[in-house]
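You will see two complexes here that share subunit A, one where it goes with subunit B and one where it goes with subunit C.
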Partner chain A sequence: MNKVSIATEAPPKAKTSLFPRHRELILKGNYAAAEAAKLCRVGFVPAYPITPQTSIVERIAEMTAKGEMGATYINMDSEHSVFAAAMGAAIAGERVFTATAGQGLFYAHEVLHAIAHFRLPVVMCNVGRPSIPWNIWSDQSDSLSQRDTGWIQLYGESSQEVLDSLIQAYMLAERVHIPVMVVLDAFYQSHTSENTWVPDQDLVDEFLPPPAFQTGEATAANQHLAFGGLIPPEHYFKFNYSFWKAIQEVEEEAETVAEAFGKQFGRTYHNVEAINIGPQTKVVLVTMSSIATTARGVVQHHPEVGLLKLRLFRPFPSRAILDAFAQLSPDTRIACIERNFLGDREGGVMQEMRRALYGNPFPMRDFYAGLGGKDVPPSTIEKIIHLAKEGKEDVYWVDFE
Partner chain B sequence: MLEIRGHARGGQGMVTAFEIMAKILSAFGDFRVQAFPAFGVERTGAPIQAFLRAGRKEILNRSNIYQPNLVVVFDEGLLGQVQVMDGLQPGGAVLINTDRSPADFSEYAFPVYTIPATRISLLHGLGSRSLPIVNAAMIGALARILHLDPQAMQEIIREYAPAKPAENAASAFQAFGMAARSEGGKETLRQLLWASPSSNGTEIPAFAAWEEKAPPEGVPDIPAWFKPLSVNKTGNWRVMTPVYADRTPPCNARCPAGTDVRGFVKLATQHKFQEAYETILAHNPFPGVCGRVCPHFCEQHCNRNALDGSVNIGAIERFLADQTRDNTPAPVPIAFAPRIAVIGAGPAGLTAALRLRQKGYAVKVFEALPQAGGMMRTGIPRFRLPDDVLDQEIQRILDQGVELELNRKVRLSELATSYSAVITAIGSHVGMELGIQGNAEAVKEGIGFLSQFKLKGQTAGVRKGDAVAVVGGGNTAIDVSRTLLRLGAIPTIYYRRTLQEMPAIAQEVEEARTEGVHLELLTAPVGVRETPERKIALTLIRMELGEPDASGRRKPAPIAGSEYVIEVDHLITAIGQRPDAYALSGSEFTIRQGLVGKDGELPVFCAGDMAWGGTVAEAIGSGNKAAEEVHAYFQEMPYSHEEHLPNVVLPKDINLNYYLPVARHASIVRHPKELYGDFTEVNQGLKSGAILSETARCLHCGDCFSCGNCFNYCPDAAIHVDEEGRLRIDYDYCKGCGICVNECPCSAIQVDIAELVR
Partner chain C sequence: MQPAMDFLIKEEQLYSGALSCRGCGWALLARHLTSILGPDAVYVAPASCFSIISGPYPLNELKSTVVHTVFAAAPATATGVRAAMDRQGKKDVPVVILAGDGGTFDIGFQALSGAASRGENILYIVNNNGAYMNTGVQTSSATPYGAITTTNPDGSFKKTWPKDLMGIIAAHNLPYAATCSLAFLEDFREKVEKAKRMEGFRLLMIDGPCPPGHKTDPGQSIQIARLAVEARLFPLFEVERQQYRINYRSASPIPTAECLKLQGRFKHLFQPENKQMLQDIQEHTDEYWDRLLKLEEISRNHNVSTVRTVQAG
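Entry: the complex of A and B
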């Protein structure tokens, strides 16, 4: 037996700072979300724990208990109550945050509609997991099945993107009066610790002014108003029309907010991200969240393969996609990667892509991969590229080995 | 880029370790890091994996690590259960938490690093008894392998450890210095970590041509487990093993006679009075006496004191002794040649004599007084210990073959010719004198007063109506005063400290006060003289308590100028006793327990009050030990005076929440209106109904009483009741979670370290 030699590498050196007025921390996705809620000076957090989201609200509870975060934190009896409380606080004018996952989101379904159609700028985090068969691992079936509730949906790829998207989400929600759901993948994101640049509080305050309403101050809460009364047929459509007008502004508003964010923080985001998409491209992989990272690595080895990462999913960014695909040759294969199953032949990504690309000639392929936390390693992406090029079917389940 | 895969069990802290390792690397330089777990079922003990990527390039892969450069094994037991080495890359290595040396892993084709992380973690008190948290030590070993700076490592651990930051940092630092590596083999871990950002990262393994596979057949509509759950044996998840233990309860540990208190109380609970009585007799031939006069060290340390008062063990002992008496075994045949003489027929001498006679030695006891019993006879008044109780227990000893000669004051020199060894147990019958100025002749001495009264009915001139000052705070002072009351005198106790410091048995003090004994506290005599009226003038001085002395009691100090004088008819002192060393006169022995030397050829042993102690129970214990030592002496066996400290169940080990409060059944005490001439027993003990409900108050410290808590709480149904009604753990299914250890009310389940060290 040998003792290991004692020599060590040089002691820690001063680190290069990528972004001024930021600190580099090693954060898991869930802690990045909690950090963002604090930076946005959220005033009210109703919560109910559920794996794999729990560590978000756990961290917020800890920060509020220690006085590091000036919010009121309430542990509710269920997700239905969580969102009801969020709705009430938002009506009163408070900046609200909460987080849930899987069954919790399904249970809140009814109230999600109410929050959106009351036009309340609530922001939440959903850490995706499926429902039945019982499973706690990564899957987007929960959030994609809520796509018709009226919430804006942003999907993040890294701890950094979750943190940054949440800051943008408040600005967006408060500009268009529509709630925003920021979605991250279970474990591959929620529990992955990685380099994250956390902006200083004053940098965030300059971008996102603290809410006018602060906990303890009297505003709407002191006025005696009733909300949510019965709307007869002759008025009902007017509210929907108004929402319809607003939702069509969101694609552009989201870009505007992202651009402002880029100027303030030095990190640029778009509704979609197009990598290596041009006349030479034979296959475009369409994906969201953590699978996008691995796909980025794989396409570096494939000059003929492009990648379209969807960041905004609701409203679906059709204009941005059409712009990104403007140069594609008509026989380019569009390969959608699905980490969801919505009870139909095609998955959620394919359904939406078909709608966006209606009238375009691109052959489309759908790939179910990584359901219920199944890992999507580089070899699976390679398999998808291979099938997109050579395969005859239009829908594949690539995890059968 | 460097890719590390870890294998551990849920609860060992691997996920946190990898997160902290990522933070250490990030603090150390411009590294991109990624640390994440692959949870299986979320339960303590289940095998889990975690992953760590680090390099100087952006990490474009969020999938699990299938081809690691370094494999880290947190639990050696996983080596046989999980394919930990799968996919390990050329140039890689493996780090194993083990007490073994790297040479023991020569079957591996890779360099092997070892670290005794479990041992280090236990040393630093990390984790629980059922699951030591080994992660800090594993970080230390990793930092050593990657040549990271140990100071920076400790800083990060201190900042981010979820608990015990200093202990975790120290554990990691110790592990940093203890990592060992196998001979030979090359690894390139550091090169991979430090590879420049411009160099190519890990190559994506070539994709093998894909053939379309048929979808799986026979998948049921509903996920279901068609085999019985018993097929899923989870015992191999276990890191440490709970076992039913028999720990020493405080009552047993504290009994100077060595009585199995918990044992006899348990038998009494089951109505097995004869067995319970014999359990006491195994250590103590005087249960009737001890049940009445012992200060009950067992009760003083009873863990039930923390709930609602100790079990009334004295009353139970007395009840058993009074219930069951006529089963005396016949004398055993004499088996050994040496003849043993015992000087003194007190509790120590008689106990030693009985034990040696039971072993097969011929034993004779010589007693100077006309009656046997020693201090039990002379020093304890009849109203506390009736003569018949003492007579019967002594007779029981004589019936077993011990010879007794009364009125015989022997010296060692007389015994040398007829005996092979002598045990001297002459007690401590001489009262100490009061060291004060004045006419000492008027002062009477308490232990002599009690003895003269009991043996001869002499009252030392005390008459009805006399005022008597009694100086002292021990049992003698109390017994003298209560005897005086029954003689019609008016006693007052003068004691230099307070009630709290009084060495007398609290219950006796209480009874004395109820009977009418007056106590003057914080006062001490300084002078005495006889007045012309043939009275005694006693000068006293007021005292105050200062700092604690060697005994832990606060030391009294006189208050200057506070002297005062009282006049009484008699003054009796009770301030301590010493042995009358006539038996040893002419010899130069240092008196202590056991063999003290030889008088010519005759080995001499000491026991009882003259050696140590001062209570009946201590004298009995002393007699037991002396007999063992004499036996060892003649059989040429080793004998040690060293006390073996048992693993005693302390109050903190008891889950009092699992016991219903039940008030202690206090013994019935007789308080007649007229005490004059009444020497019948004051304390009446308890009746059988109360005895049974009092035995049921025992907490069963350290002894499973089949409450079923473990059975109810075991999350894996790994505990069952066997044919004999005992709770048993099925180790095929026990995952070692430790819930049973925590929820056992009486600390009768412990974690077995043996399997841990394996």
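Entry: the complex of A and C
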């Protein structure tokens, strides 16, 4: 075996640090994801390449090859096999990470259900891209169409948020026994370099306990158990009932984890982020991921426009949204921005928002924008604001003509 | 009363009450297999008869851990279990797949090839009963030429030859692959023992008796399995790193029709208008045997190296 010698890194300069016990690096979203997997000391990474996710598993392959990361890394034969392998290792008690995108996520659909209903705390990264017509660019149709698989879904806006959300994801998944999918935008995030504060390993270790097997506790494999056998009707519903109970704890548990994360790392997150939402608000833009960044800039010029960024999408954070909207006047327009098409009149965001706001009077508008990676510049957001105020239709395709 | 096979099985690793049909090979196969591999083995079962036989929730027929997984990905799930066992210092724990022919020849084929190519340290057991029997006898790519299934009923009986899984799997340059018959228990047990001693991806294909699917008398399961070997419909051989060795040569091989005529799924072949098909099956069987002889002859010119998987890193 080749011994890899790793140069000891010079200690960081003792400059005034915004976040103590961190290094400030310039990282693409994908590398931030790989860095998080390393910091979370994952034990098993089954991998299969797919654009635009590939550089996540490439980076993990590199780190494991160099001995910087102690995981078992295996090149699988498909995404279906990737998730089936993740399932096997997680059943046997390993902390598992993998990443995929678009077609890979669609192909793994069957196993996504199985992992969730096995109640395995697997964490994955999905770099969103759509299906046919063949397209590799940013789109959330892939992950949003998997919203009913039972996975918790968190959407990140920056490299920093991807890294931070993955660390939180392991704590959340292992507390509620539900897998977590952290989603980032193709290229706008996955391949865009940003300043990222990377916590020191010991700071993460203090926050995230190692998985049970590493502490010497018995693993399931020597207890002669059967996992996943045929379940007759009189037992089947019990498992779903227990899942149903658990999923309802997630909204609060995610906030608890985020709060603990804030105390440990100094960066604060919530299930949703409400900006400029109050009695004066005429329009609320509802966004996810990198479109939220653009919208942040635009609403600065519109004191009458608020922004609701969805970070937790599954389970849908209805309570947090109702809290955020508590002060809104009844005629406030809710403008959902869709970087997805799910085969229905309304996109995934509006479908969920209607559900959350059922019984509330707010007029709702849906805006398809940025499908298949199309840029959503400030001018598109301006058009959306204008249409939300003046338009007569309830669904628009913006800047597609 | 003690079962008659106590002289081979020292300690049962199965509980009684397997949910198999009368005359099914799975229970016998599992009894012998588990008695050799011991209680530490972890079994991975895709959707299959065995997944049912080994027990619906909350039962477990095996005195071992069983992971029931999705149809297409038993080798992938086993890869994850294997990785976890290795990481936890349990390199000696056998990780064993128990699959049918549908989960092996068809829907699980890609995952099988992937795990075989990676040289995963896994033992793969395929009980080949020649159709999707658990779902009620539908054609698989292992279904014999001429057989009737519910998806090839009557006049539309299977008109293509089954996939040569052993040839394909041997081409993966595995440490060990072998065919086994429940009518040749000592040979089967020796092959399990041999596979157990080896490291890397190993595959055993067992001829699986299935009275409801083959339309046979449950009391004749072992006899038919024996005739299949004697007629060379299911020759017993093993392959180590592409080196073939035939394990059984009949002193007086019988015509294939002697085995086929006991199976209702081939009943129509014995009508006068299908005479040619019976001949085709005989010729195909003879050709396959000749090919095995030639492969064995070629193999004699090579030394079968000590089988050992080279670990990466």
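Rule of thumb we're sticking to: the second predicted complex is superposed on the first by the 372 of 401 C-alpha atoms of A that agree within 3 Å, B and C clash if a C-alpha of one lies under 4 Å from a C-alpha of the other, contacts with A are read in each partner's own complex, and residues count from 1 in each chain.
Keep in mind that, in the parts below, a contact is a pair of C-beta atoms (placed from the backbone, for glycine too) under 8 Å apart; a residue touches a chain by one contact, two chains touch by 3 or more.
Being a predicted model, the structure only gives us computed values, none of them experimental.
Touch criterion met: A:Glu194 reaches subunit B, while subunit C stays clear of it.
In the superposition on chain A, A:Ser131 makes contact with neither subunit B nor subunit C. Legend: residue contacts after superposition of the two complexes on their common chain; A:Gln264 is shown touching neither subunit B nor subunit C.
Look at A:Glu110: by the touch rule set out above, it reaches subunit C but stays clear of subunit B. In the superposition on chain A, contact of A:Ser318 is made with neither subunit B nor subunit C.
Within subunit A, the residues touched by subunit B in the first complex and by subunit C in the second are 1. On the side of subunit C, the complex with subunit A involves touching residues 39-40, 42, 44, 51-52, 54-60, 62-70, 72-88, 90, 93, 110-111, 113-115, 117-118, 313. Residues of subunit A touching subunit C in their complex: 1, 43-44, 46, 72, 74-78, 80-82, 84-94, 96, 110-111, 114, 213, 219-232, 235. Interface residues of subunit A facing subunit B in the complex, by the touch rule stated above, are 1-4, 7-13, 15-16, 24, 26, 28, 51, 133-134, 136, 187-189, 191-195, 290-291, 293-294, 296-298, 300-301, 375-380, 382-383, 386-387, 397, 400-401.
By the touch criterion stated above, subunit B contacts subunit A in their complex at residues 15, 18-19, 22-23, 26-30, 32-39, 42, 59-64, 66, 101-103, 113-114, 144-152, 179-183, 190, 194, 204-205, 207, 209-210, 213-216, 222-223.
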